Amino acid sequence: MTAYRFLVNGVPAEVEVPGMRRLLDVLREDLGLTGTKEGCGEGECGACSVILDGQVVDACLVPICQVEGRIVRTVEGLSLAARERGALDTLQEAFLEHGAAQCGICTPGMLMAARAYLDAGGDGDEDHIREAIAGNLCRCTGYTKIVDAIAAVAHVD
Amino acid sequence: MPTRTLTPGTETLERALVLDPGTRVPGRASGFPMRREGPAKLTGAAKYTDDLVFPGAWYGITIRSTEARAKLVAIEPDPDVDWSRVVLATATDIPGDNVVSLIKDDQPLLVPVGGEIRHHAEAVALLAAPDRETLRELKGRIRLVTEPLPPVFDPEQSDHVFAQYDVARGDLDAGFAGADLILEGEYRVGHQEQLYIENQAMIAVPGEDGGIVIHGSMQCPYYVHKALKRALRLSSVQARVIQEETGGGFGGKEEYPSMIALHASLLALKARRPVRMIYERHEDIAATTKRHPAIVRHRTGVTRDGRLVAQDIEVVMDGGAYCTLTPVVLSRGVLHAGGPYRCPNVRLRGRATRTNTPPNGAFRGFGAPQTEFAAETQLNRLAEALNMSPAEIRRRNVYQLNDTTPTGQVLRESVAGEEVLEQAVGASLFERVRQLTGREAAERHGSGTIPAGTLRTGDRRFANGIGLALAWHGAGFTGSGEVLLKSVASVELTADGRIRVLTASTEMGQGTKTVFPQMVASELGVPADWVEYAPQDTAEVPDSGPTVASRTVMVVGGLTIQAARRLKAEVEARNPGVPFHEAFRDDARNHGPTRIDQQFEPYPGVGFDDTTYSGDAYPAFGWAAAVVSVEVDLDTAEVSVRDVIAVDDVGVVIHPILCEGQVEGGTLQAVGYATIEEIKLRDGRYLNDRLATYLIPTALDAPHIRSILVEAPYSGAPHGAKGVGELPMDVAAPAVVAAIHDATGVWIHELPATPERILAALQRASAA
Amino acid sequence: MPAEPPIDTPRNLFEAYERLAAGAARPIAGGTDVMVAITGELGPIPERMLDLSRLEELRGISLEHGALILGARTTYTEIRRSTVCREHLPALVDAAATIGAAQIQNRGTIGGNIANASPAGDTLPVLLAADAVLLVGGQRGEREVPMTAFFVDYRKTALAPDELILQVRIPLPAGRALRFRKVGTRRAQAISKVVMALAWRDLGTAGWQDVRVALGSVAATPIRAAATEAVLEGARPTPEAADRAAETLAGELEPIDDVRSTADYRRLVAARILHRLLRDAEGW
């Protein structure tokens, strides 16, 4: 078995697991970061979305051998500084204010897709936002307040 | 929050108040508490069942039938396998009754050898192993020996009836005799999967007292509790059920969790260690309950000025292989089948039958979305036949105050059908847009390029359409349901001065954990943050009934308000001249803890006879209207739902953001029901059993949804609230179909209204 | 239930070829198809995997000798962002934009779309219509395979077990136009019901030349509609020609009913979207 080393939320991680082990399972089970969720295991629902080298991906579709030497960001690391204060970052705050999370199971993945979009310079245009989160299924909200929350942050940034 | 002073039973309430339609104001949430568990959900700290760690836990899996109907002759584990390193459980391991306790005792947890397999994916055996590799390796090494039996798939061919109802009023023949126009219609709706994004999940932990502690994703801890006691022969203390953070339910986690909790428990008791049963998506879709498919037939008589004079309606529902909640789903479906309209001569007949498909169960709306799709489409077709506006025909027939329903119920208060209709029509500029779409359609036809049938395209590729529908939804349980439930909710002041609310009502995104403390705090005159909401653990909270039927705020919330009032009165009586918010901490220190248990008392003046099915079917009704705009690609018949105006009367809005959230979410589920959510079957097996094939709307498919909240308070509830969860689900689907008709000229009688069905209808229309 | 078969990560093509020559191994690039396939629910689990993620030789977008060259590991996001692609082959950019959503586009590769050989692969009609040629290689050497010869049967390709797709080479003849249309159940994350690419060179009064009509989701493999191409070849796409082409297409297709759609719908809609593309191209 090989050891794979990578960064997760700014912290070095090392795991000795089969190379085909899903990044999703490494995060949830080997590293105890259960914030990233499994909704389908086939890259359709986006609940397992994380940011890999700045791009949003489905962690259920990434084998850990391809994460060697790379940078992973999960919902737990959305804003390290804010977390240390026990606070939320602007995107999380906007979700809370606007009521963008209901049952919350899609929320971590949704936040990561939104964060990747905003970090890449995404604007407040509603069609652009909807395209950015088209890979994140939500069954509770109808997406309305999620789009509102992301737009609110985009307009401020 | 707007306040009204009510003297229950004597004061006539004013006309409905419209709440601030649709304006987005930054910081609007202030004044209402933020979602209590919001920060935990937003940081990934919230723990759902699969996030929990139980050291030493094994993994469980279910061995299922691959046939729709067969006799189970034997269960044969491969003799070449060493089965001692795993645990295999069958029906013989069940200590109590092999029954999943619900309404009828017809569904086993596991099919016994010698018994009958009644549906594809029915559970036959259970396997637990220390790791998932072993499970994968061994699950294919258990052979089910069966003798196939002839299955029944057509609910109209089945002779096994789970339930039937017959509600009649007036003289149907006389009604039809007096009609200027009679229209018939047959409507069909298929299965719909709840598609909560968190799959069903249970972890069973054996207790030292021979009992079981369940941690799981569920809506109704006490349903699971009751099921455990029955099948595992446990006492109320030995069986303990704890609801964990739940990623969506929508009814799909009302009854099914009992099954999976029983399975996990059997394995855990046999293995003498915790067992995790976390479904994968494919299994969840294949094996769990869905919305009941239905066939609804209408025969309607109207006068030439659009008044309903006769409604003859037949409902046939497919219950699947076991009864589960079918009688109650059928009941609600039948009671709502005429739509929110007065008609002096009505006959509503319904029956639900058994087929060899997985049992169907609760899904938001619970029978009403099915029958109200039919009722609204029928009325829209009548409007077309009379050359009358769909809004106008509704104006002429919608229930008004003091009208009588088919069960003989007089609607004495809280009637807002007309209000929601006018709000929807006004906000959407319905008539004006209809004129424009009508003109567009005429131009299309006039140029000779009919968008149909041939292999050639028309000049214009896109057609716009607008559609309207109206709905009603009885608040709370049907008939005597609430009286029989005798729900209890409690508010306590602990010895260390904490205020706690104790109910079995679960949070699954609707906001229970936020609004209950909010309501109680409001009564006590303290900040919401000072009120705790106890976890939904059967060892700690009383049985408040299930979190279903849009009853949570209305019924259980009402109980917490009454309990809070009593607590306030009691503490203030002990501390004269000191208001509760100043007195309570000292009172706790000096007097000790105070706990107030509030049990449901029947709503005043509400009575229902279950044998004759007459009287007040519900204490009050909620009312909803939707206007939907679509754009249809005439080349392909693809439908893009652009906008929905959703107007809902919820009695009283407790928390605007959470309330809108229910309207928006329910509306999109109904849009999906109308357009792309489809389950095809072959030999009783669902073909769409993965997320790549069972499709729900993405953010790009979802329309703009603008929710307008209306308040027509119900005086029987302490806060006036009537429930919101299901109401939006009843109304958007027929509005979508009406909009498709407006754009294309064809009526689709079957849901989902797929491009395949629309194009076929266009071909037929152009051939004719 | 996800499987974890052993995986090798070669550092370069030489090592990759060596590994493939030594025995069967399933290549994995972005993983968006392969990771679903290895759960064991949709077919047997491979015995060994070959991780392509270190092979820089398979990356890159360039223009050479009047052709667009895409490394097999080029992702859909890279295609969408590439100014070279947007300028020279916008239909491929359109196709890439309809695949999945952001998460899939960031990882999925064009080589994977080709090797997976789904009849519904969204880039495949574009590549067929554009006369693309694949460069494949292994220990036994490199060879060119035209896209038209690549899809042999349902999910079966002309690739030998010891070969990898290295590059896709798309000629860019002067004056060639290419249009793309996908019909799916929803606007993202949708497997197509019908997917089409139409290519031609407009020679004015001499009409359209080198017409290509390629489709997916209407047969066991992505196909070219030869009879329909013949109808359009050498003619202008007048309304009459468009009607004839649509009829011919409906006649030559043999789609099936499946979980997503029906044979009737596919046949009718393929004809209609071709008709619309012709109408839009000619402007009547």
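A, B and C label the chains in the order they appear, each numbered from 1.
Just so we're on the same page, a residue touches a chain if its C-beta (ideal position, glycine included) is under 8 Å from a C-beta of that chain, and two chains touch if they have at least 3 such contacts.
Everything quoted here is computed from the prediction, not taken from an experiment.
Undergrad: Looking at which chains touch, is this a line, ring, star, complete or other?
TA: Topology of the interface graph: complete, with all chain pairs in contact.
Undergrad: Taking mean CA positions as centres, which chain lies farthest from chain B?
TA: C
Undergrad: With centres defined as the mean C-alpha position, give me the chain A-chain C separation in Å.
TA: About 30 Å, centre to centre.
Undergrad: Mind checking the centre-to-centre distance between chain B and chain C? Centres are C-alpha means, answer in whole Å.
TA: 42
Undergrad: Scan chain B for residues touching two or more other chains and write them down.
TA: 280, 692, 698-700 - these are the residues of chain B that touch more than one other chain.
Undergrad: If you look at chain A, which of its residues touch at least two other chains?
TA: Within chain A, residues 41-42, 44, 131, 134-137 contact more than one other chain.
Undergrad: On chain C, where are the residues touching two or more other chains?
TA: Where chain C meets two or more other chains at a single residue, that happens at 3, 36, 101, 187-189.
Undergrad: Name, in rising order, each residue of chain B that touches chain C in their complex.
TA: 132, 135-136, 280, 282, 455-457, 461, 635-636, 638, 640, 676, 680, 687-688, 692-693, 695, 697-701, 755-756, 759-760, 763
Undergrad: Quick check on the complex: what are the chain C residues that touch chain A?
TA: Spelled out, the residues of chain C in touch with chain A are 2-7, 9, 28, 30-32, 35-36, 38-39, 49, 51, 53, 77, 100-104, 106-107, 187-189.
Undergrad: Which chain A residues qualify as touching chain B in the complex?
TA: 28, 32-42, 44-45, 47, 74-76, 78, 83, 88, 92, 95-99, 101-108, 111, 129-131, 133-148, 152
Undergrad: Looking at the complex, which residues from chain B come into contact with chain A?
TA: Touch list, chain B to chain A: 24, 26-27, 29, 34-35, 37-39, 41-48, 50-51, 53, 194-199, 245-250, 280-281, 508-511, 657-658, 660-661, 664-669, 690-692, 696, 698-700, 702, 704-705.
Undergrad: Report the residues of chain A in contact with chain C in the complex, numbered from low to high.
TA: 18-22, 25, 41-44, 46, 49, 52, 55-58, 60-63, 65-66, 68, 113, 116-117, 131-132, 134-137
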